[in-house]
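What follows is a set of notes on a single structure, which appears directly below.
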Amino acid sequence: MIWQLDLIILVLVIVCAIAAINVKDLLSAAILLGAYSFLLCLLWAIMGAVDVAFTEATVGAGVSTVFCVAAVFHTTRRTTD
Amino acid sequence: MVNTLPALVIIVPLLAALVVAAAGFINKRACFPIAVGALSVSFLGAAALLVRVVNTGVAIEYRFAGWAAPMGIVYVIDHLSALVLVVITAVALVNLVSSKQTIDREFKDKEGAFLSLYVLFTAGLIGMTATGDAFNLYVLLEIASLSGYALIGLGKTRAPLATLNYLFLGTIGATFYLLGVGYLYIATGSLNMADLAAILPGMQNSGIVLFAFIIMLSGLFVKMALFPVHGWLPGAYSQSSSAAAGLIAPLTTKVTVYIMVRICLNLFSVDYTFHHLNAGDILVWVAIATIVFGSLSALAQTDYKKMLTYIIIAEVGYMVGGFFLGNRMGMSGAILHIVNDAVMTLCLFMAAGIFLWKTGTEERGDLKGLFGSMPFTMAGFVLAGLSIIGVPPTCGFFSKWYLVSGGIAAGQYAFVAALIFSSLINAVLFFRLFEISYFEPFADHHHGSDKSAGHGGAGAVIREAPMAMLVPFLFVSIMLLVLGIYSGRIVTNIIHFAIPAGVI
Amino acid sequence: MDFLTVLISRANYWAYIILMMIGLYAMIAKNNLVKKIVGMSIFQTAVILFYVSIGAKQGATIPILLHGHAPETGGNLAHAATGHGTAAVQAVNYINPLPHVLMLTAIVVGVATLGVALALAIKVYKEYGTLEENEINQRLRRG
Amino acid sequence: MKLIGKLTIFLCGTLLIVFANKFPDFGDPHSPAATHLSPYFIEHTMADTSVPNIVTSVLADYRGYDTMFETTVILAAGLACFFLLRLPEEEEKEIYFRHVPTGVTIRIEECGAAPEDSEVFQRIDSQWVPCDIIIRSTSRLLIPFIQIFALYVVAHGHHSPGGGFQGGVVLGAAVILFAISHNLRTTVAKIGEKSAAIMSAAGVFIYAGTGALCLVLGESFLNYGALAPILGTDRVMARSHGILIVEIGVALAVMSVMIWIYYNLSSAGKQDEGL
Amino acid sequence: MTMETVLSVKPFLAVLVSLVVIPFIVVSRTQNMRESWTFIAGTIKFLLVLSMLPLVLKGKSVVYTVVQIFPDLGIAFRVDAFGMLFALVASSLWIVTSIYSLGYMRGLDEHSQTRYYSFFAVALSATIGVAFSANLLTLYLFYEMLSLATYPLVTHHQDRSARTSGRKYLFYILGGSIGLALPAMLITYHFTGTLDFAAHGVMAGHVNSGLALVLSLMFLFGFAKVGIMPMHSWLPAAMVAPTPVSALLHAVAVVKVGAFSVVRVFTGIVGVDTLATFHINEIICTIAAITVVVASLIALSQDELKRRLAFSTIGQLSYIILGVGLLSASGMTGGMLHIAMHAFGKITLFFCAGAIFCATGIKNISQMKGIGRQMPITMTAFLIGSLSVVGLPPCGGFISKWYLVVGTIESGQMLLLLVLLGSSFLNAAYFFPVFYNAFFLSEPEMTFENRVEEAPIWCVVPLTITAGISMVLFFYPQPFLNLAKLAVQSINGG
């Protein structure tokens, strides 16, 4: 485990998280959530939690994003915050 | 056979839920009997467990996958969990039996899914009660919560929004609990409750353990709707369909209180909770605030189902306050109230379901004339109301008896006053309903000027609910009396052993 | 230990706290329901990060034993007897697998909750035509 | 609300930070978490279950009971989405057809008679993207490989990262990909909601049923060792095989639930037009 | 208690019999059947109570435990002299009232008679239950049961005024019992560890003077049925009920249950010694004396006959409390005896009020001019009843008042003596206008143009009986007097 890499990804994760809840477009929020999950998946792979990383990649970055997009597709992209 | 009972109690409903889920798409008619059958088996199993535990006096341990305690997951059935198991299965069964018609009417095409979620919810609660593993509890909590969200979500028009709020707060609660388990794990390396209980006394001064305690309890408080975090409950419960409300309202908060009791008593010892942290005092005050707030808010409602939900909040305050009094009387009262309040709430919500079925609304004013047209239902409703008020010999009186005694013994007169205050408010609440259904529409039958020839009622035609709803309802309302009379015995034979010997 | 060391050596713990607070803030303070759901997702994954960090172990590898990884040493009789021919496996060499197992479950719970929450959000949108809470409340107040 | 939110996170954050200071060092091999339970799993997994992937053995055997409910949670979510969203099937107000030879789009209103779905007339969504040949072909090409990979993940979970859960999600994702690249109606025609629902229940049933079978064979629930006489192996291998069986159950359940949830979410319960 | 006890199921049966009969009342098809069930139950109950009388007179007590709820506390019955005295009054008057109900309800053709008779029966069960209860828990149970069972009776007319009165009734009664009596009971239980009634009370040695005083007052005001001011205003309000209800419940059962409970708690729980040591009895006597005087004064100003009677009841009830509060043997005997004597006197008066209403529809005294000539039997009975209530010979009321007066002299409370005598004078003053109006007005002032008949026979017979008994009790007060003396003996002596 390389702590520098760890740190960079952590920072990126936090940035993604903040972006996901602050972006003014729900579709972007969904995609940013996907990116967030994917970065976490990387983080876990680095930390040696391969099974968790695999699951997060399939579930968090994959299916969850699709669900979010599907829901946004059926509701609205518009948001005020 | 007996050795596998702890597994059967939960496995049978689980398998049945799966079969029902599939049967919902194949043969809808098979769903209901399977669900009822599974819950009956579960109920009988739970009753057998209770009898066995009471007779032998030893807790039963069941090892899943054959692994011993700290490695694998075990179920521990002791006096406390056996008692709560019986309550859960009985309430779920009775409510299911009585709501056949409601389910048919409200969820025509989705009967299978509803019943499957119903049974899953029950299974989740059973598991939460029986499990001896802190993480397993989280998983089962989520099962119960998720199926609960679904059951509540399909109700009246505002139900989805209310349920979404419930889901957010419920998730916060569950996640806090999970975080607490994580903190315990980081401090001890174990997940098994008995194992944790053995390790924790050695690290009472650890900050991690302290935080685990705080965050776990906060999570549970959110789940049980204690005062500052109660916001989700009234909306969610009052908007749900009556079949779902009859299951969820009596059980969710009570099982969460049970888990709080279990965690405080069996995970962090009594010594840690009450002597080391001295958590009792402040939490009793929170409970007092809950009781006062719940009662006053109930007073402000015109929708009787919403009123009932605020009463539930006040009752949560009873149990939490009683438990954190920290003496035997108070704890007995709290645990007894888990049982009694489950039955009382069930009775009230079944009554609300029957009223909704007959009148179609949940406004207070629409209860008028029901004493004439539905005398048996009203009799049961009066009994339930009296029980909530705390009139002997209904069961509500006796748990209140223990709670008040505990308050006096602990010198917490504010808690006693809050209990009495809430009883009086409850009296106002229920007699207001009784008045409406008894007096209105105002009659002018002095001197027999109208059709009242002296026979039965003010010439009212009796239009009772269907027998399938009425009979279980009356059964439950009679149980209120039976439980009341057996209260003392439940306490001396069961609850007494559930409280650690150190508590006086 | 100076400040920077503490900051870096426990970066994961700080990150989990920050993420958790971001999620919590979104759940409480955001106005849009889908935003709240996104916040909930972040909130839940923060705990997963926490658990996985518990499991981390310096100088250890992923928790999968390799076949024939080390030749039989026979040094430890007890292990040789139970070890099915494989060498004595040393716990310090492998990352703690238990938190991983727990987190698999938590991820699944997370996606399940997400699904149900989105379903509810769709229903809310159908009912009110908006996902903004203040607009919904206005609508409710108007009748 | 904003103020409450800020106050809450300030309070929680401070508490969390204060107490996080008391943690053992990050990655400390001598922390209680690393020394109390987990060494047992690491050191005994081969002897007990003959599964080198410790996560799999703990997941499906030592804590198999948790995992059964994890699968049930997924099923509950599928049921919940169906229960909340699914609408009774009713005729659409407007449906669109495309006359393939001419490329003309026909709108049929409520009273109109719809043509048969055939080579000539093709039912299309109201928001129809005409030229998706690249996406279609690529996904057609990819999907079989994705599915084979998923099966590998399921089957090879004993030895490498993966297992029923991950494999199941990937399998489900393959179907979802098909649905996205084609359209929902075609997918529903191939894997109906009914079969998805029954499969998801069946998947969990395989898991719970295996456990119950152990119960019937006189051992505790989920104790795969009891399956040894049936599988014709010793108890340790029986555990290994038992894990595989339940992983297959998990994969089946997860796959179909993912599909099922997708159906309901992407069409808001109509299962007609979708993403 | 050193007293000899006999185990018998009879007290339980006596309580149960009127409950058992309710289903029969409900399913009865005709009025006659319904009423005959009521009579059967009443007779059986009376006989059961009567059959225990010899035992009790021998100084024994009958005990029976129905169910043990807590290890040391359950629903249990114990029949002693005081309880027997009260039960005898209640059960005998029930029969008479049933006869009267027959006439009244039929005469006015009231609605919902099934409900009326059913709850009537429940109320009686509860009254007997209170009389026979062996501990405070049982007493509280039946007390609450009575409160709730009388609610539908009080609000029988189901109109707006009934609702208002019903609210007032519940507010005072339930508010008192839940808000004051229940906590007082639990605090007592906490400090003493028992709620069984004992001859000398159970508080001695367990509580200090402040707590004893607070608890005593909580009980006194908590059992609001006794109508001690300021917890009295439900009683006039409850007069909207049909007259038989007012008669039995508000002159006999309900208010006397209140008085009985208070006396029982003061003697059996607080204990006369505790009362005396901490001088609580003086405070109680003062409160009671104030109530006596004020209630009598208010009664003077009431024009509606039933309201005047109601305020008279409030005053008379305080005599009972006053008598017991004196703590002297004669005072307590007088107080207990007054339960019986006042019951027979007051019920006669209510019956008369009902009979007048039944026959003429008149409620106010000012309208009753000359009625005595049209309804001679009723008004003669009224005269006898009022004599008894005022405490003049040849009526039973004289005996109890005599004992009370002797009690005040014994304990040297001259001020209270003055109160007693003064209030008797007031009693006479508020009854006198009724006779004056009824008998002594000259023809032209009479309000009745047409000739008014006596009320139905079923109304007149009972009031004759009770008036008769009131007179008989003057000459032959032994059954009640002996019981009262026995009760006092066991409290003071033994």
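For clarity, chains are labelled A, B, C, D and E in written order, and residue numbers in each chain start from 1.
By our rule, a contact is a pair of C-beta atoms (placed from the backbone, for glycine too) under 8 Å apart; a residue touches a chain by one contact, two chains touch by 3 or more.
Here the structure is a predicted model, which is why all the values come from computation and not from measurement.
*Asks:* Once the contact rule is applied, which chains count as partners of both chain B and chain D?
*Replies:* Common neighbours, chain B/chain D: C.
*Asks:* Can you list every chain in contact with both chain B and chain C?
*Replies:* D
*Asks:* Looking at chain pairs A-D and B-E, which one is connected by more C-beta pairs in contact?
*Replies:* B-E
*Asks:* For chain B versus chain E, what separation do you get between their C-alpha means, in angstrom?
*Replies:* 43
*Asks:* Based only on mean CA positions, could you tell me how far chain A sits from chain C in angstrom?
*Replies:* The answer is 12 Å.
*Asks:* Rounded to a whole Å, what is the gap between the Cα centroids of chain A and chain E?
*Replies:* 78
*Asks:* Between chain C and chain D, what is the separation of their C-alpha centroids in Å?
*Replies:* Chain centres of chain C and chain D, defined by C-alpha means, are spaced 18 Å apart.
*Asks:* Considering chain C alone, which of its residues make contact with at least two other chains?
*Replies:* 11-12, 24-25, 31, 53-57, 60, 62-64, 98-100, 102, 104-105, 108-109, 111-113, 115-116, 118-123
*Asks:* Could you pull out the residues of chain D that touch at least 2 other chains?
*Replies:* 16, 21, 23, 27, 31, 33-35, 37-38, 41, 53, 55, 59, 63, 66, 70, 73, 76-77, 80, 84, 161, 165, 261, 265, 268 - these are the residues of chain D that touch more than one other chain.
*Asks:* Going by the touch rule set out above, which residues of chain B reach two or more other chains?
*Replies:* Each of 135, 139, 142, 146, 149-150, 153, 160, 185-186, 191 in chain B touches at least two other chains.
*Asks:* Dump the list of chain pairs that touch, please.
*Replies:* A-C, A-D, B-C, B-D, B-E, C-D
*Asks:* Please name which positions on chain D make contact with chain A in the complex.
*Replies:* Residue list for chain D touching chain A: 27, 53, 55-56, 59, 153, 161-163, 165-166, 169-170, 172-173, 176, 180, 258, 261-262, 265-268, 274-275.
*Asks:* Which of the residues in chain C come into contact with chain D in the complex?
*Replies:* 6, 9-14, 17, 20-21, 24-25, 28-29, 31, 53-60, 62-67, 79, 82-84, 86, 88-92, 94, 96-102, 104-105, 108-109, 111-113, 115-116, 118-120, 122-123, 126
*Asks:* If you look only at chain A, which of its residues touch chain D in the complex?
*Replies:* 1, 50-51, 53-55, 58-59, 62-63, 66-67, 69-71, 73-74
*Asks:* Taking the complex as given, what residues does chain C use to touch chain A?
*Replies:* For chain C paired with chain A, touching residues are 8, 11-12, 15, 18-19, 22-23, 25-26, 30-32, 34-35, 37-39, 41-42, 45, 48-49, 52-53, 55-57, 60-64, 95, 99-100, 103-104, 107-108, 110-111, 114-115, 118-119, 121-122, 125, 130-132.
*Asks:* Could you list, by residue number, the parts of chain B that touch chain D in their complex?
*Replies:* 4, 7-8, 11, 14-15, 17-19, 21-22, 24-26, 62-67, 70-73, 107-110, 113-114, 116-117, 120, 127, 133, 135-136, 139-140, 142-143, 146-147, 149-151, 153-154, 160, 183, 185-191, 206-208, 210-211, 214
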